[in-house]
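Report on the structure given below.
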Amino acid sequence: MIKQYPGYEQYEVANIEDYGYKEHRLTKKIFKVFRAIVIIFAVFLMYIPIFTIFLQSINSSTITSEFGQITFKWYANIFDKGSLLTAIRNTVFISIWATLISTVLGTLFAIGISTLERKAKRHIMLLNNIPLLNADIVSGIGLMLIFSSLIHIFPYFFGWRTMLLAHIFFTLPYVVLSVLPKLRELDPNLFEASLDLGVKPYPSLYKVIIPAIKAGIFSGMILAFTMSFDDFVISYYTTGNGFDNLSIWIYSSMGRKSLSPSVYAFSTLVTILFFILLIITNLLRGRKQHHENH
Amino acid sequence: MNKYFKKLAIPYFVWLYVLAIIPFVIMAILSFVNNEGLNFSKAIFTLDNFGYLTTSSTVIAFMNSLFYAVIATLTCIVIGYMVAYAIFRSHFKNKFLVMTILILPMWSNMLLRIEALKNIMEPHNIITDILSKLGIHVSLDIAGTPLAVIIGLISTYIPFMILSIYTALEKIDYSLEEAALDLGLTETKKFWKVIFPLSTKGIVSGSIMVFLPCMSGFAIPEILGQGNILLIGNVIDQHFRNMNYNLGSLLAVVILIIILGAIFLVSKFDKEGETLL
Amino acid sequence: RQKEALLILNWGEYINDEVVERFEKEYNINVVISLADSNELFYSKIKSGTTAYDLVIPSEYMVQRMFESGMLQHIQKEKLSNYHEDMFLPGVNGFIESMSAVFPEYADYQIPYFWGTFGLMYNKRKTGLEEIIKEKGWEAFFNEAELPTGTEVGMYNVPRFAYAAAMFYNHLSPNAIPNEENIAIAQRTLSMRKFNEWGTDTLKKNIQKRDLDLAFVYIGDFLDMLYQEINDEVNPKDISDIAYDIYIPDETIAFMDSFVIPKNARHVDLAHAFINFFLDPQNAYENASVVGYCTPLVESYNMILAGKNSDDKYLQNWALAIEKYYPLPDETWEKPYKGTPLTNFDVNSLTKITNMVNNVKTR
Amino acid sequence: MKKVLIDLKDIVKTFDGQTIVNHLNLQIYENEFLTLLGPSGCGKTTTLRMIAGFEKTEAGVIIIDGKIVNDLPPYARPVNTVFQRYALFPHLNVIENIVFGLKNSSYASKLMFYGEDNLIMEAQDKYPNKKITKHLLNKLINEKIYQDAEYAIKLVNLQGLEYRKINQLSGGQMQRVALARAIINRPKILLLDEPLAALDLKLRQNMHYELKEMQRRLGITFIFVTHDQEEAMTMSDRIVVINDGVIQQLGTPKEIYNEPVNRFVADFIGESNIIRGKYIKENEIEVLNKRIPCVGYKFAENEIVDVVIRPEDWDVVSLDKAVFVGKVISSIFKGVHYEIIAKVEDVELIIHTYEEVKVNDQIGLKVDPYKIHLMRVAQDE
Amino acid sequence: MKKVLIDLKDIVKTFDGQTIVNHLNLQIYENEFLTLLGPSGCGKTTTLRMIAGFEKTEAGVIIIDGKIVNDLPPYARPVNTVFQRYALFPHLNVIENIVFGLKNSSYASKLMFYGEDNLIMEAQDKYPNKKITKHLLNKLINEKIYQDAEYAIKLVNLQGLEYRKINQLSGGQMQRVALARAIINRPKILLLDEPLAALDLKLRQNMHYELKEMQRRLGITFIFVTHDQEEAMTMSDRIVVINDGVIQQLGTPKEIYNEPVNRFVADFIGESNIIRGKYIKENEIEVLNKRIPCVGYKFAENEIVDVVIRPEDWDVVSLDKAVFVGKVISSIFKGVHYEIIAKVEDVELIIHTYEEVKVNDQIGLKVDPYKIHLMRVAQDE
């Protein structure tokens, strides 16, 4: 199909083949279909588990292979189970703080790392990989060891403090890894320009560098939150004095008894909540931008 | 920038040395002794633990880990790139939002998701039940197979890859794409010669985030492999649970050395010094 | 400062929160329950000393191990007003007795909480399976040839339990030292067939949903599934309608979870009070009604069985289940309970067993 | 008649509702050197981008070589661009940037580029005993590409920097890489967006020569954007003066310079004295209260006209020979000449001369009738 | 004597072992307009970057206002830069870019910038009934910042683009934003790295005027990099010619132009005829086989010298009055003048004249003795 140009019929319309290129229509189409399949597959892979969880959360039957009736009682039940509720609260507390702290620290560290020479950089990046590579149980026990050296000074040290520290420990590498590539592409003149205009290094960092790498920071933050929200083993070893998070609750409850479907309900709620949160923040941001433009 | 923020890296050095290296040293010591738990008072020097390194199950578990981690990482790169690139090229007004929504599932508990995935991979589950009530009889029976484990690994870790790659793609200077087209490169070639090389950093960091946890994780192979598929993470976990910290530490240390050593070598011989680390 | 807190380390969903709340009210304190999913984690948690737990609920072999590591303190029975000599079921007493044979201090360092055995859970709908299992037990479990074709079999994914199963098959003690010979025997036995699944909590679910036909599980798993179906709101089933069952061979693992008090507990008196609270038959009954396993207390046991005459369908079924799966011993029994309690193995033995099982899996 | 290579017909382009290019009509001939001149933001870059295919036109068609190319993707157009802000590939070094286009074209187009027969002959010469395989030809092509790159590098004076990273180059060096990268492809049409702005005079003059030479030898059509008057004047066959997306004048450098069609062009192309005057009759005008002769314009008698006299067209003469006498207000040395501002009859005139004149001196001026240019006064003034 | 504001003492800078700036010594006076001239890659940008504080010096000290600033961070130096490649903040719009520096400085330095007393008076005027609080002053400062920004925007002719995104600007517009961003801070020293390269002639001339005006009014010292000869000549108080990191000549534009100290400078600063000749005796030289008078140089008798004659210093005269007679080889219209190449005694001379001359014609030449410049022949030639 060649496009027509009314009023210019006397001219031939250029065809890509005249210029030594081939229009790979078929291959392109095949690739497009292939790509669509892959993307659908990926979305399917990511969404099918939470869809199943959702189904189980509205399933009146506690049996995971049979669908009885639609019910919302599990949602109500979340708030009946004291221990579950506490675990949820703890989880939210830890993951939000761990995410915030490690996002801030990780960004600063990444900025520091980006200024190092090649050798020092390689050195620290190898270290940075250790928390990622270590089996969780190894990290957990290792951290426990370190933390317990402080127990003589602070008898009640174990609990949210240690868990928070531990979470910061294993989420930092994700932030660093996300932010670092962005820093590489930065135009060095930008920072210089800001200094030149009399803005001090740290304000410049905040005003110029951070906006330029915010996509990396954001994805680091998302990863940090994911890891923190999900963690069981490290949390298990580093907590104490009755401070359990949701993953510990889930794991321990699977051991001897079946999970209450309230867990599914909670999980679904979380997903929906995040979805709404995302949309809202986005709307707010959109409005702010709109504001600025006028 | 250099001279101002160099000091920012110092606390991280300290932090990592305290929280990553000291435990590592302790574990290194643990692997040469025989003691109970972490009680060093009764420790005796021994090399017995090293005997277990070569037992067939350990070696097989290690090879399995490597195999699954490589396959999962490669697949994640391919699929993750396609997804990230599709979003990058889409005409959505807020692409980052679209992407975050896409990877939203990773914010529900991983164990629950894996359990759910396992359920679906078995012949009888809630979805087949609903479908069969609607008169559709389909079912899957792959739980316990390597395929199931790989699918589980991909499903769990692909968001990391998508995020990393997308972030890398996001800031590629558009004028470079124009320059490539201008120089006569077709869209396909432009992709391979400009966009892809400029996004390798995202691929590398994404791969690290996928490969390393795949190497050392145990929940996914255990659940989706129905206990039949043994990865090195499972072995380490077992020994630590049995409180054989000596053997557990030894395995952990050996793996750490092998993988980090490999990364170190690659980064050292990486001519440009840019692609890795 | 907050109220004093009693720190308890327990399995997940293994206590009735309402009873705990009552205790909190009565003593005006907080009870903080931490969770763990294995005996070994209990151990390492206490060993690490990061938290001074007041009360822990491990199984018998872990009680032994904790004792041997010097982590436990003596239970002061005089502080337990509800405690008296013959308050436990005969099986419980028998269990304590035989445990005491290898571990004399057992009785003094724990108070039973729940108890039970392992068994072979099977799918009743698989034709011929029930008969052969009941007839041949372990023989059938390990021999593919004995079972109806296409029987899918699962094994408990804890090396120690798998080793025990192999020992039972060979009519050896599950506590037999894993020397080379025994390891070889176990490995040969476990390699006789390919297990479709090595799992823990997943086994029961898969049998329930017919994706597995036979598995070595722990009775709690079975009861769990059972109660779920009985309690189902839309489609509650009678105990007789359940499509699966459990067979408890004579040679099997017996277990008992008990209260123990770690040495470094900060609230020893309160811990005793807590134990005492759960020795009250009414409290124990209520606790069991949520957890579903069998209480060790005679009186509470009787309260459950009394449910047979109740109008409440659930209480009826519960009574039937307990009567069936926790029968009182009769004179045909050699000893007043079924199975053999596990004793503690040292780390080396466990490593050998684990390695053996891994070899089986990767063969 | 020269052949029309590029034909822009009625092109319109808007950004955010603002018209940037407004019904542009322009024919560019084969092997021509055309310069776009106009104030910053007038749409020069946008026009180039439409020709290169990076911007869609809102209306109108772009015809290259007789074919409508509106929908032809940029890579297929026989056009190469030197971008205003370089757009060098940061992941490649200097030479890799330069060979980028050639190396990554298909084998077929490489064959076409170097001429298949040529290559085969050369291969036979070079490897007399070998069979001519695709592999061998490829090797030969590769050698040729690097030879070409070496040549291009020499052309832009970048020897020794072949393996430098892009971010280690100075501004002028980057611009030269961009230039080399474009010319190595020997495109039919080369678009250059201020390609020499960051180069020093000597190098720029060198490049002028080289570009002209290249144009002659390879028959490339150049479309050039520059802000350098002299550059535009020296290099161009024709100049297009654009303002606000509308063509003001199109013509040879001399036409543009000597016969600007309106005040904007006169003003924009170099300094000018534009003085209100009166067309008395054929060959006579009144300006600055003097009647002087002029040549070759036709207006109504007594019509008010704009009289344009270039600063260098004034002859500084002794006072007795002068037609106009003024007082020197300022005199600045401009490197080559002096720029003098003198007041004549209350009008400030700019005069260029090679001789020094003192401020506050009297100055005598005269002007050759042939150097006087008359323009109709624009309606809106 | 003027006060020395910046004193570069023996500055050395190397990159990768390659010396870029080589023992540079340079004094820059207060309120001076100094231009760095030199071929691409000679180290101009690097020198500016060292003054601004972005690059460490390897050796030597930089003294500003009598104090060694080697270790003073860039933000504390009283210096602002207009970057060669703009370095605009992509996440901010035009006006946000311009106010960036002022807005993000500390309250104290804002007070200092606008004068605390001034501000308080103004505040009292404006809000007679209000108490003067920090909040109020801040508000006032903010207003003033935006007023200043408006003024700067007007200065660079960017009205109407205040809220544009940076990536929606044309090249020249970006450069103007960069300029406005620097001047709004009224620095003591302004470094400009080819700040006008992307601007058209008219705008550039305007900016010349504005910059000079600003320099006069605010007493700013300008250090300027440009490739535009005329710009350098017109604007500068002094010019530094650099080659390969070494200062070749430092002087007023006239000195540089008329009395280049060596071939490089003569060659680099505009076109030149450099002809080998002989110093016969005082006030007489032999060149192109003719003895002609010259003025004001002292060499050994019969010493071989380089004779420099600028193209525009030739007088084209009728053949009978000529000292030299040559044949016209080429004649190009250069916008303002004609550039003629003529062969005299087998030497090609470049001649600028306002009159047209035909190729192959005979041409008569003469040169004013005062216009002849003699240089010692460099050793290595």
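As written, the chain order gives the labels A, B, C, D and E, with residue 1 at the start of each chain.
The rule is short, and it goes like this: a residue touches a chain if its C-beta (ideal position, glycine included) is under 8 Å from a C-beta of that chain, and two chains touch if they have at least 3 such contacts.
Everything numeric here is computed off the predicted structure, so don't read it as measured data.
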item	value
Fewest touching-chain hops separating subunit C from subunit E	2
Most distant chain from subunit D, judged by the mean position of its C-alpha atoms	C
By mean Cα position, the chain sitting nearest the middle	A
Dominant chain pairing [most C-beta pairs in contact]	A-B
Centre-to-centre distance between subunit D and subunit C (centres being mean Cα positions), rounded to whole Å	90
Distance from the mean Cα position of subunit E to that of subunit B, given in whole angstrom	57
Subunit B and subunit C, separation of their C-alpha mean positions in angstrom	36
Centroid distance [mean C-alpha coordinates] between subunit E and subunit D, Å	24
For subunit E, residues that touch 2 or more chains besides their own	73, 85
Multi-partner residues of subunit B (each touching 2 or more other chains)	4, 38, 124-125, 186, 241, 274
Touching two or more other chains - residue numbers and ranges from subunit A	21, 64-66, 185, 188, 201, 250-251, 254
Contacting chain pairs - touch in the sense defined above	A-B, A-C, A-D, A-E, B-C, B-D, D-E
Contact set on subunit E toward subunit A in their complex	52-54, 73-76, 79-81, 83, 85, 87-91, 100-101, 104-105, 109, 163, 181-182, 185
Residue ranges of subunit A in contact with subunit B within the complex	21, 35, 38-39, 41-43, 45-50, 52-53, 55-56, 59, 64-67, 105, 108-109, 111-116, 118, 120-122, 124-139, 141-143, 145-146, 169, 172, 174, 176-178, 180-182, 184-185, 188, 191, 201, 205, 209, 215-216, 218-219, 222-223, 225-226, 229-230, 232, 246-247, 250-251, 254, 263-264, 267-268, 270-271, 274-275, 278-279, 282, 286
Residues of subunit B that touch subunit A when the two form their complex	1-13, 15-24, 26-27, 38, 78-80, 82-83, 86, 94, 96-97, 100-114, 116-117, 119-120, 124-127, 129-130, 133, 151, 154-155, 158-160, 162-164, 166-168, 170-172, 186, 201-202, 204-205, 208-209, 212-213, 215-218, 233, 236-237, 240-241, 245, 248-249, 252, 255-256, 259-260, 263-264, 267-268, 273-274, 277
Subunit B-facing residues of subunit C, complex	38, 40-41, 43-44, 47-48, 69, 155, 157, 159, 195-199, 202, 206, 209-211, 347-348, 350-351, 354-355, 358-359, 361-362
List of subunit A residues in touch with subunit C within their complex	60-66, 68-69, 71, 81-83, 144, 147-148, 151, 155, 157-159, 162, 236-237, 239-244, 248-258, 260
